[in-house]
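Structures follow.
Okay, so subunit A shows up in both of these, paired with subunit B first and subunit C after.
Moving on, here comes the complex of A and B:
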């Protein structure tokens, strides 16, 4: 069921209890977790935090902790499956689920006792009504007598009932027909409801709202909420409209926080945290890199210029010349650029970008500023934390270490981690750009009819980076965008993309990701989740649907071709 | 020393310097051993404050029987002292060695420690990299042992 009063029905319930937090491995979940932890610290709520990377982890964590905890809070996992069926908990376990995954499983919506959804009921849900899906067996009163005969479609009626025959048989037939109709409609409704996967409002924003309702919100929590929202935008989980709407919501909170202390000028010490609204450039990490490198490695600019072609390189030089930016300056570290250049940079770039067909070079976002040296945009934090979360630097199979590092990097006291995250993010972006360039230039993306397909071979440089879901999804998105800009085939521009990369060479597994087609007005709804399931079933391929996003699966490399064929047939 | 007296009476005065030298050496060795044994005792005393009243087996393995006995006597002394504090109510002074900043602390588990039972009966599963928010006094023991790490964020 949906929780209507998050303070009364959630926070006050757990405030005197010990809680188990099961947190998924994405940045929005990490931010939501930080906010909730801060609230719990404030009110001395004892908790245990367990990172979970997939359904298997979730089940294991639940089994390990079910004896000790009655209340479980699940962040960014659990809403889109029948949780009670999966975990088989005791009757007194209660689950609070704050998850952006949609659609929410109907059982979770209509369970009144054990599942409490920390989701707003109007959050773009369109849940089917109860009567359309569930039918009380008690309505089948009259069938009780006839039930024995239903299966054989009416055996010889016994002598006693001959009087009621005609009427009874007619009524029974009518009921059966109505039931079949109802069931057909139910299948249709459920199919429509569950066909497309998408994402709802950020979990971090939900918890920030809780903090606000409790009047315990701080600037740190506000910043984490902003990062959570930005994560959804960076990883293409929400539509542009929704992003802009949510930014406006956050802007109201930011204004409120900023007006608190601005009585006189310079009333705040330089070390205090300041969050400001920025209409900033869509150049990833540009303030921590050189402007030139950022332009070359940001998806938006790289695809608009087509920087993998010679022509594209020339256009870039023209673009820089047009703005009057000397190459020497532009290739320097951003902080070392001349002040005179940095002053109007955003406006200058926006003007020139318009000439080169890039109308949306600027995007609404927020930045943070504390101390003399520390300025970060929300996007920087997302990229840094995501790089730390999926770092393959140390050859460990222990993903929880990375989780802890990424979680720590979000705190202001762990600036070194943040900087190391930014370095990793730069390497990751470079790798993505190089891979995109090579895929486009060697025509590795093939049209399979209903979708585009690309497979990263084992020897590809940096292929280890792309064995992780977030990195592969980012690569997928950039690749599709680049492809759309480079192909002349009008039909291919509207196709979705499926990408496969080797995951574990020893075990012979690959990771497969599907993303919806690239378009300005895309609603980001992804049908690959169900499609993958069906394709795997029909070919009995050995797949592992472990990730919380159904559109990301693991597959045995040997089964790749038959799986692909089934997918093509399914979607044609 | 006694030997010197013997030497004098036996008219072997030329031996007296060797005797004196050896004697000094023996005294020095004795001082060294005393210093060593005393240092061991100080460390054993510190163990009570670090590990609590039950020493892990690998530590006890390295202690001599007399040292073990000394330890248990020290334990008893400390316990009776602690009992006498606070007007007979007793106070455990081995808790809160550093002034605590908060009632509850966030700890991170550094290695798999299995299940850990706290005094009020609740059981916590200590898995590597899990984080917990617990009352300070329940965690101190484990922090000292290096199983948990205090996270300051």
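Moving on, here comes the complex of A and C:
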């Protein structure tokens, strides 16, 4: 069921209890976790934090902790499957789920006792009504009784009974027909409801609202909510409209905080955190890199210029010349660029990029500023934390360690971690661009009919980076965008992309990701989740649907071709 | 500990020769007993602790509590800290000018002014107006006083003076110089006594 009063029905319930927090491995979940942790610290609530990377992790964590905890809070996991069936909990376990995955499973919506959804009811849900899906048991009992009576009374036929029998048989046939119709309609409704996967409002924003209702919201929590929202945009989970609407919501909170603190006479210490609204450039990490590198490695600019071709490189030089920026300046670290150039850089770039066909080079976002030299944009922090979360630097790649490191990097006191995350993010972006360039130039993307397909060979440089879901999804998105810009085939531009990369060479598994087609007005609804399930069933391929996003699966490399064929037949 | 800021502290410092200096964090711990005004946003009846009574707490009404409790409540977002009276830009500027003019040590705003400034500005700088200027002013006052202390300690050792006047010094300042001063005085004493041949060698212990 949906929780209406988040303070009374959630926070006050758990405030005096010990809680288990099961948190998924994405940046929005990390931010939501930080906000909740800060609230728990204020009120001395005892909790245990367990990072979970997939359904198996979730089940294991639940089994480990079900003896000691009655209340479980699930962040960004658990809403899109029948949780009670998967976990088989005792009757007194209560689950609070704050998840952006949609569609929410109907059992979770209509369960009144054990599942509490921390989701707003009008959050783009369109849940089918109760009567359409669940049928009362009494009708079936009545059916059974009727037939029971008839079989009992069959040994004594009399005139009256025979007439009664005929009427009863007709009614029974009628009932069965109605039931079949109802079930067919139910199947259709459920199919439509569960066909497309998409994402709802950020979990971090939900928890920030909780903090606001409790009037315990601080600038730190506001910043984390902004990062959670930006993560959804960077990893292409929400539509542009929704992003802009949510930014407006956050902007109201930001102005409220800024208004509260700034005063003419009593100005704040330079160490206090200041969040400001920025209509900034869509160049990834440009303030921590050189402008040139950032233009070359950001998806938007690199695809618009087609920087993997010689022509594209020339166009870039023209672009820089058009703006009057000397090459030496542009290739320097951004902080060391001349102040005269930095002053109205954004306007200059916007003007020139309009000439080159890039209308949306600027995007609404927020920046934070504390101390004398720490300035970050929300997008920078998302990339840094994502790089830390999925870093393959150490060989054992302990996921819990990476999770904790990424979580720590979001605090203001751990700037070194943040900087190391930014460095890792730069490497990741370089790797993505090089892979995209090589895939396009060697025509690795093949049209399979209903979708495009690309497979990363084992020897590709940095292929280890792409064995992680977030990195692979980012690569997928950039690749599709680049392909759309570079192909002449009009039909191919509207196709979705399925990408496979080797995950574990010893075990012979690959990770497969499907993303919806690239378009200006895309509603980001992904049908690959169900498609993958059906294709795997029909070919009995050895797949593992472990990830919380149904459109990311693991597959045995040998089964790849038959799985692909099944997918093609399914979707055409 | 308050006795250390009187003119008789010289004798007590001498007697404490064998103990090593206090750790600065210990001094800060002692400073946290100072009282500061807060405005809580919760209500609680009076609480009776071994060190004294605290409260009662009513939302919106100022109450005096020790600094350790104020910081804890602030971090849990349960109160707003009101800066002490001396933590004001004009007053601190006057004190700084006075300190620079005088040769001796001038009276301090609070016996733990340095620790309190650090604690309050680190954790509650959003409640304190012009926090950066206050930090700079307090640091200036501290620097002047430490310079005077070092000068005085230097001349005390080199000119082998018998006594010095150390009124108006705070525990933190004494602590910075304590170890050095005592060790060097002991060395001087050892050297001086070794100059006199055949004297109390056997009674000296090696440091």
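In this section, the second predicted complex is superposed on the first by the 549 of 572 C-alpha atoms of A that agree within 3 Å, B and C clash if a C-alpha of one lies under 4 Å from a C-alpha of the other, contacts with A are read in each partner's own complex, and residues count from 1 in each chain.
The definition used in the following text is that contacts are C-beta pairs under 8 Å (C-beta built on N, C-alpha and C of every residue); 3 or more make two chains touch, one makes a residue touch a chain.
Predicted model only: the values in this text are computed from it and were never measured.
*Asks:* Check subunit A with both subunit B and subunit C modelled on it and let me know: fit or clash.
*Replies:* They fit: once the shared chain is superposed, the two partners occupy separate space.
*Asks:* Is A:269 touching the first partner subunit B, the second partner subunit C, both, or neither of them?
*Replies:* After superposing on A, A:269 lies in contact with subunit C but is clear of subunit B.
*Asks:* So, does A:64 touch the first partner subunit B, the second partner subunit C, both, or neither?
*Replies:* The answer is first: A:64 touches subunit B but not subunit C.
*Asks:* In the overlay, answer first, second, both or neither for which of subunit B and subunit C A:404 touches.
*Replies:* first
*Asks:* Between subunit B and subunit C, point out the one touching more subunit A residues.
*Replies:* For subunit A, the partner with the higher number of touched residues is B.
*Asks:* Between subunit B (first) and subunit C (second), which does A:37 come into contact with in this model arrangement: first, second, both, or neither?
*Replies:* A:37 contacts subunit B only, not subunit C.
*Asks:* Per the contact definition in the header, classify A:47: touching subunit B only (first), subunit C only (second), both, or neither.
*Replies:* Once the two structures are laid over each other on A, A:47 reaches subunit B alone.
*Asks:* With both complexes overlaid on chain A, does A:216 touch subunit B (first), subunit C (second), both or neither?
*Replies:* second
*Asks:* Quick one: minimum Cα-Cα distance, subunit B versus subunit C, in the superposed arrangement, integer Å.
*Replies:* Taking the overlay as described at the top, subunit B lies 6 Å from subunit C at its nearest C-alpha.
*Asks:* Quick check on my understanding: which residues of subunit A belong to both its subunit B contact set and its subunit C contact set?
*Replies:* 41, 44
*Asks:* Within the complex, which stretch of subunit C touches subunit A?
*Replies:* 75-78, 121, 125-126, 128-132, 135
*Asks:* Within their complex, state which residues of subunit B touch subunit A.
*Replies:* Interface residues on the subunit B side: 103-104, 106, 108, 122-125, 127-135, 152-153.
*Asks:* Sort out for me which residues of subunit A touch subunit B in the complex.
*Replies:* Within the complex, subunit A touches subunit B at residues 18, 37, 40-41, 44-51, 64-65, 67-68, 398, 400-401, 403-404, 408, 411, 413-414.
*Asks:* Using the touch definition up top, name the residues of subunit A that touch subunit C in the complex.
*Replies:* Touch list, subunit A to subunit C: 41-44, 216, 218, 261, 263, 265-272.
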